[in-house]
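Some structures to go through are shown next.
You will see subunit A twice below: alongside subunit B first, and alongside subunit C after that.
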Partner chain A sequence: MIVPIFFSAVIYASLAICILLSYRVAKIVNLSLGSIYTLGGYLSLFNSFVSPIFGALIGLLLHIFTRRLDLSRATLFSLGLAIAIEEFLRIIFRAEYILLNYSKIFYFFNYKILFEHFLAFLISAAFLISFLIFELKKSLSKLKLKIIEEDLENAEIYGIDTEKIRAIVLIIVSAFFCCIGSLNLRGGLVTPTIGWLHLIFSLFIATIANAFREKAYILVFPISLGVCLLI
Partner chain B sequence: MTKKLGSCLGLILGLASLLLFCAAPQVPTQTPQTIPEIKIGVLVPKTGEFSSAGVVMENAAKLAEKHAREMGYNIKIIIHDCGDKPEMTKTAFLSLVKEGVVAIVGTYSSPQAMMAADIANESKVVFMASVASADLEGKVKGGNRYVFRNAYNTSYWGILAVEFLEITGAKSYYLVGYEPLKTFNLGMFGIIKNLTKAELRGESWVKSPSVSPEDYKRVARELAKIDVEVIVLGDPGLGGVDFVREYRLAGGNATIYSVGGMLALPDLLKELNVSGIAFQAAALELKAKTNLTKKYFEDYRKDYGKEANNYAGILTYDAILIVAQAAAKGEDLVSELEKGTFIGAAGIYEFNENHQAKWGTEKLRGTIGIFKDGKIEVIS
Partner chain C sequence: MFIDITVRILVFVLLIIPVFFDYYIKLLAASALILAIFTISWLYLERDLGWESFGHSIPFGVSAYLFAINPLLLFLSPLTTFLLFPLSVFGKSIFPFASFIFSVFFWYLAHHIVVDGRGGEEGFKVLSVNLDHVYFLSVALFIFSYLLIWKVSESNLGLKIKAVRDDEIAARAIGINPLPVKMFGFTISCSLASIAGILHAAAFGYVSPSIFSPYFSLFPFVAATIGGRKLWSCVLASYLVVGLSWFLSPYVPEFHYIIYALAIILASFTHGYARSSKNI
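Right after this comes the complex of A and B.
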């Protein structure tokens, strides 16, 4: 039982990091991520590889429309965007659900898993490890990120290009959600609202982690593992 | 002089034609506009936990309106979102009452149906529960004459599951419930435990996906280790597919008897292509109950490009047709429903003294199917 829980914990920890980054750096509770996750699932009907591109485009769009908005208005806009994506999927696919097929079954020691789910785990693990290294290493980029997290106006006074960093964060986060959605939803039924379930769960983990302030990113994985084990 | 004469003649002719027109007997024309319109409210969970069922209910309701009009009933349906909570159901019910509907059909979960039943009694508007299996008979016994149910009650769900266990000669079974539908699942499990001779090997519950999106994995993997012949899976909604896949991946080989949910859809089962999944449906296209059965399945496919739902969809469709047939008689709707016989796609409906459709009779009974070796077999 520990293997599937570990796999889920890694995936949800990486999704929670994305939510934290959106909130702390881009100053937005990004509610469109659930629909972007769903969009990834639907895009996998054509090709999973296109999903990060679509995700990135939506992230860029979100940045453009919310860059002059405060937290509450930007969050509201992201909710509107989420509903728009949902409706778009309803109009295009006209079906209450679609069964997404998988390519093959993968053997991880004695544990059988869908290949796409294993790929989602690998990508999430790579993202998580890279981010942890970035977080633990002292670098100028990390310092810039911390300053933006602490105070946006201060960051601008220090000459940090906050808009550029915000755009990068929203693009990466959206592309990642779309990519994981396109892999993790394979093998099951998708509906235009299915991404909300995954967003709410990741948001729950992110909220707990956020309470630990500067240690939030480092503690995301243990929190995710704990939540997955308990719930 | 000639001009004056012409004007006088014109005036006389005009007056004469006016008089002739007024005196002409009016030919009664029975246009569709003159048939009194029957407004029927439909409560559909467009948002929330059961929104995927809401889509099929809404589609089926629209199809029922179309078919009822073809049958000569001038009905108009008004669809409102009842979400997944009783409070939202109450608001939606009351706003439909304000719009002047003669009856309201629908809702999904048991708590929603119970709330709708209470509001029906207060507002004196008939409520026909087309999906939920809550104890609505208790409400009728308590004096609420405005609540009816054309769907199964909890007992009949249990009876069908027991029938399946008996037909297959299963010696052991395991119960898997779905927490968002706990009231219904608990009631049904109680019936199964009481009526079957097969040995119960255990009971597990899958949490709501909004609490734990992958809880089905835990339950499926635990179950795969247990030696059991049949798993009775209480309506798991969309999660049923994930459950089955995970269970088979973990090496489980028991027959899965799905109580409703997506696993009851023949097309989906063919697409999923996992053998040993049994299900029950209010009706199947393979086994026509009335002349409306085939029409429902064919027209749904034609209009919506998808296989028709054979429980929440078909029963919402039937509920609208039942109300249309009863209301068209023009008498007191409650009395008409109590004494009448109504045709639907799932069979011929009659209601007992507790306003529950008489499921299990020759005219109205559920169908059990099983997906095996790439095709659906009707086993009961």
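Right after this comes the complex of A and C.
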């Protein structure tokens, strides 16, 4: 039982980090991430490898349209975008439920797991570890992120290209959500609204972590593990 | 002035015409009218209190569920205020999204509500009520909602509510305690939304988890955006959204979501937020 909980905790922790990054650096509660996650699942019907590209494009689109908007308006735009993606999927696929197939099943510590789910776990774990290393290391990029998180205007005064960093964050976050969606939704039924559940779960973890301020990124995984164990 | 009078006449015509038509048109009109009451309840919260809720489907849906489980429970409907009001701790700019997320949580939670082997994904059947009776009751409650909001807005308490909306700190300085005043405004809005939820359940004869879906959560916001945040125009906009959705959904699945997406994206560029950020 501990293996699936651990897998889910790693995946949701990485998704929660993405939400935290969007909120703290890009100054947006990105509500379109749930639909981007679902879009990834639908794209896996064709090819899972294209999903990060589509995710990145949506992230770029989101950045372009919301760069002059404040947090509330940008969040509102992301909600509109989420509904637009959902409706797009409904129009294209028509059927309310679609079964996504998987390539193979194998055993991991006596636990039966889909190859795609294992891949989602590996990508999430790699993302989580590399982000934690980035967070613990005293690099210039980390310092730039911290300044943007604390005060956007101050960061601009210091000559930091905040727009570029915002664009990079939104593109990476969207691409990551789309990629994980394309792998993690395999082997089950998908509907255009399925992403909301994953978004809310990640948002819940991110909200708890955000209360710890500077330690938020480091504490995301223990919080995610705790929540997954509880549920 | 001319447009305002025309809109009012049009609304009254829309209230009367369905009486002469068949069951289908009457059901469509009842649905639009109930959602118009729902929009009015939302608009009161937004205009007089300055709180924009994207989770108004919570009082709407919870009351419908209570009514479906046991009609006597409808008296608990005003208590749904306590589900929405605590979210105001997030402040005016985050409240819309916090309430929306909470409504989506209810949407998933509703799939697991089972009482005496009923409920779940199928939802609950509601005791049968004649559609004519539901329609006339809806018309009466629509007029009641309008008069209530008008009277409360013009009253002494209404002025206090507006003072709290504009600046909580200044309101406290002149001796107004913002908490009960805000609570009262939320109760009025949630009670009207509850009435709309119960009427919706009675009109359709069943309640399912979809009552918490974004269709209902965002409906008042979309209708208010299309209606320019004026009460009578918002009522007309409610009819427009419901009408377009019913007639075009066979051709484009869930057509209303196209209207929703367009209205929300448009609103993010044009719409002002949170009249006062000076919350206590």
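As a working rule, the second predicted complex is superposed on the first by the 231 of 231 C-alpha atoms of A that agree within 3 Å, B and C clash if a C-alpha of one lies under 4 Å from a C-alpha of the other, contacts with A are read in each partner's own complex, and residues count from 1 in each chain.
Here is the rule we use: a residue touches a chain if its C-beta (ideal position, glycine included) is under 8 Å from a C-beta of that chain, and two chains touch if they have at least 3 such contacts.
This structure is a prediction, so every number in the text was calculated from the model and none was measured.
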item	value
Superposition on subunit A - do subunit B and subunit C clash or fit	clash
First, second, both or neither for A:91, with subunit B first and subunit C second	second
Which of subunit B and subunit C A:50 touches, first, second, both or neither	neither
First (subunit B), second (subunit C), both or neither touched by A:113	first
Touched partner set for A:188, first subunit B, second subunit C, both or neither	first
Which superposed partner A:160 touches (first subunit B, second subunit C, both, neither)	neither
Subunit B versus subunit C as contact partner of A:125, first or second or both or neither	neither
Partner chain in contact with A:61 - subunit B first, subunit C second, else both or neither	neither
Contacts of A:197 with subunit B and subunit C, given as first, second, both or neither	both
Superposition clash, subunit C against subunit B - the stretch among 1-9, 73-81, 91-99 or 109-117 that is involved	109-117
Footprint overlap on subunit A, where subunit B in one structure and subunit C in the other make contact	94, 193, 196-197, 200
Of subunit C, residues touching subunit A in the complex	54, 93-94, 96-97, 100-101, 104-105, 107-108, 213-214, 218, 252-254, 257-258, 260-265, 267-269, 271, 273-274
Residue ranges of subunit A in contact with subunit C within the complex	29, 31, 66, 69-77, 79-81, 83-84, 86-87, 90-91, 94, 193, 196-197, 200, 203
Contacting residues of subunit B [partner subunit A, same complex]	51-52, 55-56, 59, 207, 209-215, 217-218, 221-222, 238, 241-242, 245, 249-251, 262, 268, 271-272, 304-306
In the complex with subunit B, residue positions of subunit A that touch it	1, 4-5, 8, 94-97, 99, 105, 112-114, 187-189, 191, 193-194, 196-198, 200-201, 228, 231
